[in-house]
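Here the structure comes first, spelled out in structure tokens, and everything after it is commentary.
Labels run A, B, C, D and E following the written order; every chain starts at residue 1.
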């Protein structure tokens, strides 16, 4: 074994097909010649290569990248590439010296000699397949968990009573938070390749659900609070919602307390003889009645608006149920897809 | 066919007119000489070139970039550039080895020999036109869909009843969310070229609509809630809004319940003889009347402010209609422009 | 005309005084010798130079950058720099091949031969002045228009009635939105040079106006809603504000309805003879009076706080007027400065 | 001692095993030959190396990086690496000339000669271990302190009375602030290595606590404000919560004021003889009773909802206690881990 | 004077000790030999050096950086470095050609010959000290002024009346705005060096003040609005706060209006003879009394909660005062430190 300056031998360079950038590693001017005819080129290479990422199951993805080594000029009759170490040895040595930024984990290396056959002749090549598994902790902690938190908050916000708390404003703030959150995502997510990653579908569904539930809240708020200007509930709607849908959402229809309308009519029809004290009493009575009507109207609302409010509650609860079902189905689907691809 | 070191032949370099940066690809020291007189230079080139993007229809744009190959020194009489492969072969090979970051899709390559005629002589050149189509999924998911969501929320927010919910605060939060959203856009959007892209027009219209509807809400809120300090509604305004515009927005004018003013006057004019019990009753009556007036005023507002509120409702609904019409027209226009350019 | 390798002639390099970075353009090894004695060096140069930007009128600024070409070694007696093309030809050719990122527009090129006289001898130089005009669309759309929108919203928010809507919270959200907006600005704005750009003054004034109007709102809110704990309005303040300032802001002073205080005193001084029914009536009367006083106080507030509220309204409207005047003056000034510099 | 051009001696280069990038330091063409046979190579090297960071205790972490110097070609029989200075001298000199960006503090250097034994022969090497301590001030000020502030605000927000202030909206804004804060973190935090840093656990727990307390608030709000539509409290729940849990949270059960139900029944059963004045009085009585019932219901709520509210208060206080305990335990644990690792 | 190619003379390179990166300036192949024995090397150098910044007083800091020129190989006996121009000439020429990005202003240059004495011999060196003053306008406008604005808003927010406006929510939004603002800061601020800059202390104090005042607001809100469930005020607290502290904050203790409790007791003890009309009247009386008690309680609160509210107001005003004092002291201190260091 002799080490000889590279230039004195005209040993042709071994090229890497996936090369992308100039080699910036320090140059080594020697190759080793063995008496067996083997040539051992101990040249360090700094390869910046590109690998077609399959990010459909991001952040639970496993990538398979290849590096092809071969002579640039000489055919297979002149130079034959021989695998020096077994793939297990390479894997072990690589895992010892590998220093990643922690995101990727080297899980396997496999080697396969191959031949590039052109019509002028064929070249001997060696292909190394490098299998990298992404460590998903960072993305789970920073993307998936907060997103699930926000969806959970959105789900729970259906419990906020519409009359006392401004639920629409609450949900608007939630969506604002989700928009801020989209900012973080754009920094962390890889740009979408040919297939849209599942996680993008996940986020789009989440945003759509939030917006949908906000629109529902605005609608119910309009029914609940703005119903004083509505005309009477159509009969079919009343029957449909209050009799049938109400049962579906476990909300028994309340009996109307028809008490207060009974009292009103007689007090207007009586016409007693004019007498000073009685006159005063009647004026008192009229005023008190007027106050009572106002108070009744203020605290209970008219019968029409009460019926509208009841319809609002039933629809709110119904859509809440549908929302839960939809979230459950879509998230279970996504998790199934992730776990299937991750296991594979 | 012989491969000869490049230096020993003084083969002139082939240049690329659109070159922008130094070539950093690994050097190959050989060219192939064929006995037919053809010279085949298998040199890999790493070209960083610039291409004038036409981003009017971004993100649905198709770009046409050209690469011009030619000798730097020798006239067409010395070196003639010949197309080695057909454009279909180049396209197929390119699509096999192409590795983009997923945003661009290579849809076509066309080749055209050309001649650069200067007055010293003419150079033989070959021009390659590369047609790239942008994959719009990322931008549709991250920019267009959330923006449409926010516009939809803004549209629905007209349903929020002004008296019970603070609609102006809701819309302000919405605009805040849109501002955050503008942050994301600035990261994703290409800088505007000579023509402003349609998507910028889209976003500007969206923001203008939101701000406009917020200003409208502030105005209506002022009319609705601050009307207690207004002077009486001018007659022409009352006629115009409540009789004509109200019909346009399907809001029949409510009949005023003129009942309560009738009761008030007689109770003040009566002067009964002084008697202890009666005196007490009258005091009672006066106090009760005072309370009743306060309650009436609180729950119903004065007639003037009721009329102002009615005007507010009519204008609110009218502008809501105009808002819908404007959104519909402008968005349909933009979508038409996009689809026309995308199909072309 | 012969093209000769550069090395065989020892043609000295032509230098650019404004050079900043190593030339990375592909090297050309030939220069052209004409039989007239002219030497034509067709060397492509990739110059990364710096130019002192005058950004006072950003984004409506026009920059004037210079490139100086000259020999590094030989005095004017040995090498004289001669302008090959007229400045119009250069401008036309440049505009044909120029590929900017769309922000800058080449509007003019002028040429001037000059001489660098050192005490060892003088060098022949050629100076090219390149006039670039910034295309302001991007900045107008992303910075100026949204900023004006936010200022307009701030202006309109004075219309929000203080009693029913939380105007201070509305303005706080607005300022929050402006802060987010400042984030976008910091990405887009060039760092300030020796003179502060007008646009920075514009944004600072906008922010100051918003904060000022928020502070005003907080103050008026304190006067309007917290006045129940105030002592009586000082006489001079009452006169000043309600008599003089109220006229300035077109707010006629309302006559106080002095009706309700008249009723109160007699009902307390009467002492009728004890009798069961009358006694009950008196208790009734006392309770009713107490309720009425509470109701009066709740709905109208005490006279003191009514006066304070009136003062609050007057001051609010007065400052609103001043705010409009100030905005108008400062914005007109800025626009005048911009247009003056842009036209110049 | 003679300084001789490096090329004339064929002195082999000394390599650094951790090399990552091309050496860009200015080249020195000489080495020093001593008459003792020592060769002193004064070559400056600009090494961009990588070091496996252990960031479990970030930002209180101490890193230990190594640099290995050795000949690339010659065995230990030809070249022996000798340590020129003691590690104390190196440390002192390094601390004098070191210019970091302030984040890292050089706290120690140790040297160890080592041997790389391959089967062809062994190489003489010298390893330098560099111990760097991170200055945590930036991260404590920008990450830990604001995060603790937000957690404290979340803790205090339990004191906000649910009936008068919209606590859920307050907490939602707080979480929005925390999301913005996550944006800052993503800029500052190093990407997670193989082990998740404690600080990530800290932030995740903080976010989980905030979301958890928000959900609790939504639940209690539902119980407190929406209880008017609930059915009666189950007996076991009432006993469990109001008798046992209430004691745990130091909230004595209030005695119900059963006074007002007593008054109601007799007034409905009495049927006096018809007489004009008496008739009026009875109408008065009926109306007043109706008003009173409304007022009672409005101000106190029904007995059922009062009981639900009491349950809400007890659970609120109970979970507040649990929240405090959980925060205390988890933060003390984290601080202990940090301080233990920092001291070690 | 002759200009000779550098290689033909073996003129040793002059090195710069602070060198950090490879020199990328265009190479000049000549040096000037004077007949006086002086050698003039007109070589342009592009130095990327590092300078230990002292950022304690950022953005009002003045930096002092040094550049050391000396031969790499030859001792002072062979090459002596001589200062060509006076420091004033250098300063003037530098200010003429200097093109910074506007942040730094060159205010002084001083020159000092020095000697690097090693034990093999001593080297002749020249040190240039460059004094740079940071232009603080950008940071004052973008960091200090908005921060002061937010602090001012926080200060004024104490004026928001707690009963009518949700002050805690207002302050929460303010803190949210400050968090967004921290994002901007992280982009603009230099990383902290060995000493923490004063501006960081400034921002930390600001944030701490905001959070502290928010916590105070939550506490006072609890006292003000949640006091209906409190037990009676302890006597010592009542005395301490209402008698002594109230005087400190110029809040005279209001006399309690003890009127309404007097009326209540007699109406319950009277037992008149049963008579129909009187009976009705008594029922009326009872109902009215019940209503009045509810109204009283609703509008005034119980005496206990009134006392708690008074305590809340006193503490609020007291802490407001302390807050002002603390802000004033800390800001004056910081401004003094800044101005002292800036003047020095």
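Here is the rule we use: a contact is a pair of C-beta atoms (placed from the backbone, for glycine too) under 8 Å apart; a residue touches a chain by one contact, two chains touch by 3 or more.
Composition by chain, UniProt nomenclature: A, B, C, D, E = 5-hydroxytryptamine receptor 3A.
Being a predicted model, the structure only gives us computed values, none of them experimental.
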item	value
For chain C and chain D, chains touching each	E
Touching chain C and also chain E, the following chains	none
Cα-superposition angle relating the copies chain C and chain A, to nearest 5°	145
Inter-chain centre distance, chain A versus chain E - centres from mean C-alpha coordinates, in Å	37
Geometric centre distance via CA averages, chain C-chain B, whole Å	23
Residues of chain C touching at least two other chains	166, 169, 173, 176, 180, 183, 277, 281, 284, 288, 291, 295
Chain-level touch network, classified as line, ring, star, complete or other	ring
Ordered ring members, chain B first, chain C second	B, C, E, D, A
In the complex with chain E, residue positions of chain D that touch it	1, 3, 24-26, 28, 30, 46, 99, 101-103, 135, 137-138, 141-142, 145-146, 149, 152-153, 156-157, 159-161, 163-166, 169-170, 173-174, 176-177, 180-181, 183-184, 187-188, 260, 263, 267, 270, 272-273, 275, 277-278, 281-282, 284-285, 288-289, 291-292, 295-296, 299-300, 313
Of chain E, residues touching chain D in the complex	13, 15, 19-23, 50-52, 72-73, 120, 166, 168-169, 172-173, 175-176, 179-180, 182-183, 186, 191-194, 196, 200, 204, 207-208, 211, 214-215, 218-219, 221-222, 225-226, 229, 276-277, 279-281, 283-284, 286-288, 290-291, 294-295, 297-298
